[in-house]
Amino acid sequence: MNYAFDFGWLADYWPVLLKGIGITVELTLVGGVLGIGLGIACAWARALGPGWLKPIVAAYVEMIRNTPFLIQLFFIFFGLPALGLRMGELPAANLAMVINLGAYGCEIIRAGIQATPRGQFEAGASLGMSRIETFRHVVLVPALQRIWPALSSQIVIVMLGSAAVSQIAAEDLTFAANFIQSRTFRAFETYVAATLIYLALAIALRQLLRGIGWTIFPKRAAR
Amino acid sequence: MSLIEITEVKKRFGDNEVLKGINIDVEPGEVIAIIGKSGSGKSTLLRCINGLETIDEGSISVAGAQLLPDELHLKALRLKVGMIFQGFNLFPHLTAGRNVMLSQMVVKKTPKAEAEVMAKKMLERVGLGHKFDAYPDQLSGGQQQRVAIARALAMQPIALLCDEITSALDPELVNEVLAVVKELASEGMTLMMVTHEMRFARDVCSRVVFMHQGRVHEIGPPEEVFAAPKTPELKQFLGVTH
Amino acid sequence: MSLIEITEVKKRFGDNEVLKGINIDVEPGEVIAIIGKSGSGKSTLLRCINGLETIDEGSISVAGAQLLPDELHLKALRLKVGMIFQGFNLFPHLTAGRNVMLSQMVVKKTPKAEAEVMAKKMLERVGLGHKFDAYPDQLSGGQQQRVAIARALAMQPIALLCDEITSALDPELVNEVLAVVKELASEGMTLMMVTHEMRFARDVCSRVVFMHQGRVHEIGPPEEVFAAPKTPELKQFLGVTH
Amino acid sequence: DALATIEAGKVIRIAVPQDFPPFGSVGADMAPKGYDVDVARLIADKLGVKLELVPVTSANRIPYLQTSKVDLVISSLGKNAEREKVIDFSTAYAPFFNGVFGPADAAVKEAKDLSGKTVGVTRGAVEDLELTKIAPADTTIKRYEDNNGTISAFLSGQVDLIATGNVVAAAILARNPPKKPEIKFLIKNSPCFIGLNKNEPALLAKVDAIIADAKKDGALDAISQKWLGAKLPADL
Amino acid sequence: MSDFTTWDILRNLLLSARWTVLLSIVSFVGGGLVGGALLFARIGKGRLGPAFARTYIELFQGTPLLMQLFLAFFGLGLFGIDVPAWLAAGVALILWTAAFLAEIWRGCVESIAKGQWEASSSLGMGYLQQMRWVILPQALRIAVPPTVGFSVQVVKGTALTSIIGFVELSKAGTMVTNATFEPFTVYGFVALIYFCLCWPLSKSSQILERKLNVAHRNH
């Protein structure tokens, strides 16, 4: 190998990198929280909701899951202004991530809901709870617990996928890497650094999600 | 006026007529045992009374109010009639205490403190005051079923429906649950229970209903039904399981 | 020489000593019933004999050969001792016939035709010759359990271990399975079975083992154990379930 | 020695852009065309070897060079001190007529008027380097992946102004959009250079010689006229 | 400026979609094979196999595929190993796919009831025999829907190979947009083609799932 690795650029560019990490983390947290929220709402609609809502949610889910994230992002950022709805790159990136995770989360959570024993619905009903109340108080938490590992993986995937937002000038970690390498031409060093940071973020995120699972679900597993 | 009036109730699943015209009147304080072969429609009948299934013909009324299949009427009905299942159906993510508190708080909007007092009281009543903070999977089957009873009682129903509530239990645990039921009966609670425990039915119940192929085949006080079964079907049934 | 010799067997799960020194010798052709409260270690004992759990102390030998926890010895052991479970554990992706054939072909390398003949014979023996091509989920619980028995028999074991094989069955189906076991017993098969069916234990078994807190608390012929229990624990146990 | 290898192998591999018109983009047959592509042809012709075009993006053009998957990068590279530490640059081969463009009602006449404005630019391009140098500190610069991103951002109103080549601005005008970009001011004429690996003096000298010849004999001027619609500036 | 007609756009996109399809098939087939091996390492006995597989999976699931491709192609080039782009793309996609498939399949194997393991060992079967005859046939059936479902991710993942020079559907979309400056037409088509490739896969995964649920109703 006749290439000399040089991480000297770090001295000048670490604020860019740090900002990139910050934005990637922020996008992931906002996207994660709101995306799960949307996913729960859609999962409810698809599994238990009124008949007219089901095909609408189904269409949304299919559309998002079967097209690339980047293109969804383009339509939100460049396309929506044509309809008079303009937002900055960060809100657009956030929105795209929420919509994306919402669709994947919907399918995952729905599986959790559908694995709920019928007896749980009946017990809720026979205690006088309405369908919504039963869902909210009886079905939801065990359903989430059931699919929490799958949902966690999906959130990590979405975090890694958030790299695409650099294309609409949102200054996330990938943007930072591209920016730095466009100035310094030190592509290897920046990409290696970015890869390691992504790996660390992914591991930390998984740990965080595991911790959340530990705190919000009862320790002794629900079957 | 009877507390529960079941009149000419019919129920079909597709082509399969599971209830073929049921008539039973239950007086306040009565304890009714429902016996019969698997598939004879026992569970379906109880589920109809609780509104978990809608009936196709006939009528059911509880405490004078007709059972109608809309959310509002159903909720009113379910506040009057509690139901306990074979599979306990405790909420696995909540402690025993929370299981008992939940529906009070959600359905009746009881304040938390009050619901907690009630939950304590009900758990004590089924002998599980000390298990308030245990999760269902830390409890034995018998204990779980008793929590389920406490949960139903906390809604202060005027009648309880029990569907084979001891069938999923190991023999050792059956008695602890039946003891609780017996006590409820002696306190005047109106009960309708599907059961395989013939001895219990004989000792505790005021009347026994023998269901066969979707009909009430025999009905009467336990001494009569058990000691002098009239129909060959009942004779055979008692012979098999006893 | 006894067929199964269990000597001072101890088994711990973490801190929990589940078996605290078990001694039982089983003669060829004996039918042993193991009774006892939930958690007393009955299943664990059977699982140890079959090598599904490794023991911490003591020794188990079957037909003179010591049980050692390596693949080769385990396999040899399991060819001699069959085991049947509460949950049937049939292979859901195979027909009843294939369930019975599989282990012969895979483990003993029996040619397919031969295995098929054996499977037919064994299914016939449990009264299910006509269900050769049915999948497990097309069979009732009792039928599934009988297939499981046929599957174990097809390996021509010299002893069978049965762990509560009727507990998951509806009351009506218990008898069909017990009838099969009874026949096996009368044909001279050595059996060790955990059971809650006291009447069956009394009628069929040569000896009854009462386990309590990881120990053999009483052991003897059923007339003695049931009619004249010596310890208060056994008295209480029998009183409860009987 | 890269030059020897090229002459021995009778083939030169040159990285050219494919998403950066007018320097490099594709035609309806998906074949690359543009200023940089023509320069690549010119160099291959002069060397008398076969040309192998390797389409690249701004993210991977330097790695291609560094891993010797290409011999030259002709991708409208701008020069700065940091970049010079990593690769070598030839003499300038192309002018870059770029400026800041915006709608008629935007009151911007020089760099300091950009204060408080949002300007879109294509990340890593020459104009990105220059604009970053001259814009006031409170200018928000949004850097998009490619020209299309920059243009879309302008047309959809995501940025007030854009810094880009005049040919790109012309391309926008050709589409007759509701928002017409007008030239506000020219960014200092910042030329483009050919990139090559360090320690290749023979190749560097050869490339420089070819460019000097092409400037003299008008070949480069012709390319400039064709793609930029302007004469090659005398000071290049 | 643009000499593209709408038909030119669509035609070029469709032509480039061939790469998308080819890359998808390669990564899926190869990823399946490697993933299978990885699955065995992951659930196997011993210490080394599972530890290796866990690290592998963590690594490939925890870093962006884009970076994996970049490093596979240029990183090796840096060490003087000249891998052709198709090989780097194939290998990176296969390794990435394998990490996910192994994890999906592990879930399926572990969802097989413990009783199946016990019943088969009490019949004298060894580990491999149990896997071959009892566990895998059952796991395979439940694995089909999530596996087909994941193939959608693979199809979309191939877009990232543009970093090492592949002109597949997404890249062609970007190139054409930068020649025509008509992002809505072009990306509209791109989205549509992706949808046409992916939706049948999603749909069949759902149908398979429903079928399996019906088949397993009685358990």
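Should a chain be cited, it is by its letter among A, B, C, D and E, assigned in written order, with residues numbered from 1 in that chain.
Just so we're on the same page, a contact is a pair of C-beta atoms (placed from the backbone, for glycine too) under 8 Å apart; a residue touches a chain by one contact, two chains touch by 3 or more.
Protein identities per chain, from UniProt: A, E = Amino acid ABC transporter permease; B, C = Amino acid ABC transporter ATP-binding protein.
Since the structure is predicted, the reported quantities are computational estimates derived from the model, not experimental observations.
Between chain C and chain D, the least number of touching-chain steps is 2. The chains in contact with chain A as well as with chain C are B, E. Relative to the C-alpha centre of chain B, the farthest chain centre belongs to D.
For the copy pair chain B and chain C, the superposing rotation over Cα atoms measures out at 175 degrees to the nearest 5.
In terms of the distance between Cα centroids, chain A is separated most widely from C.
Chain E has its Cα centroid 52 Å from the Cα centroid of chain B. Here the CA centre of chain C is 46 Å from the CA centre of chain E.
Distance from the chain B centre to the chain C centre is 37 Å, each centre being the mean of its Cα atoms. Among the residues of chain B, none is in touch with two or more other chains. Annotation for chain E: residues touching 2 or more other chains are 70, 74, 78, 183.
Within chain D, the positions touching two or more other chains are listed as 59-60, 63, 66, 152. If you check each pair of chains against the touch rule, the ones that pass are A-B, A-D, A-E, B-C, C-E, D-E.
Across the complex, chain C is touched by residues 113, 115-116, 118-127, 129, 133-134, 137-138, 141, 216-219 of chain E.
For chain B in complex with chain C, the residues that touch the partner chain are 37-38, 140, 170-172, 175, 196, 240-241. Residues 18-21, 25-28, 30, 54-57, 59-60, 63-64, 66-69, 146-148, 151-152, 170-172, 174-175 of chain D are the ones that touch chain E when the two sit in their complex. By the touch criterion stated above, chain D contacts chain A in their complex at residues 58-60, 62-63, 66, 80, 82-83, 85-87, 120, 123-124, 128-129, 142-145, 149, 152-153, 155-158. Residues 50-52, 71, 74-75, 78-79, 82-83, 85, 87, 89-95, 102-103, 106-108, 135, 137-138, 148, 151-152, 155 of chain B are the ones touching chain A in the complex.
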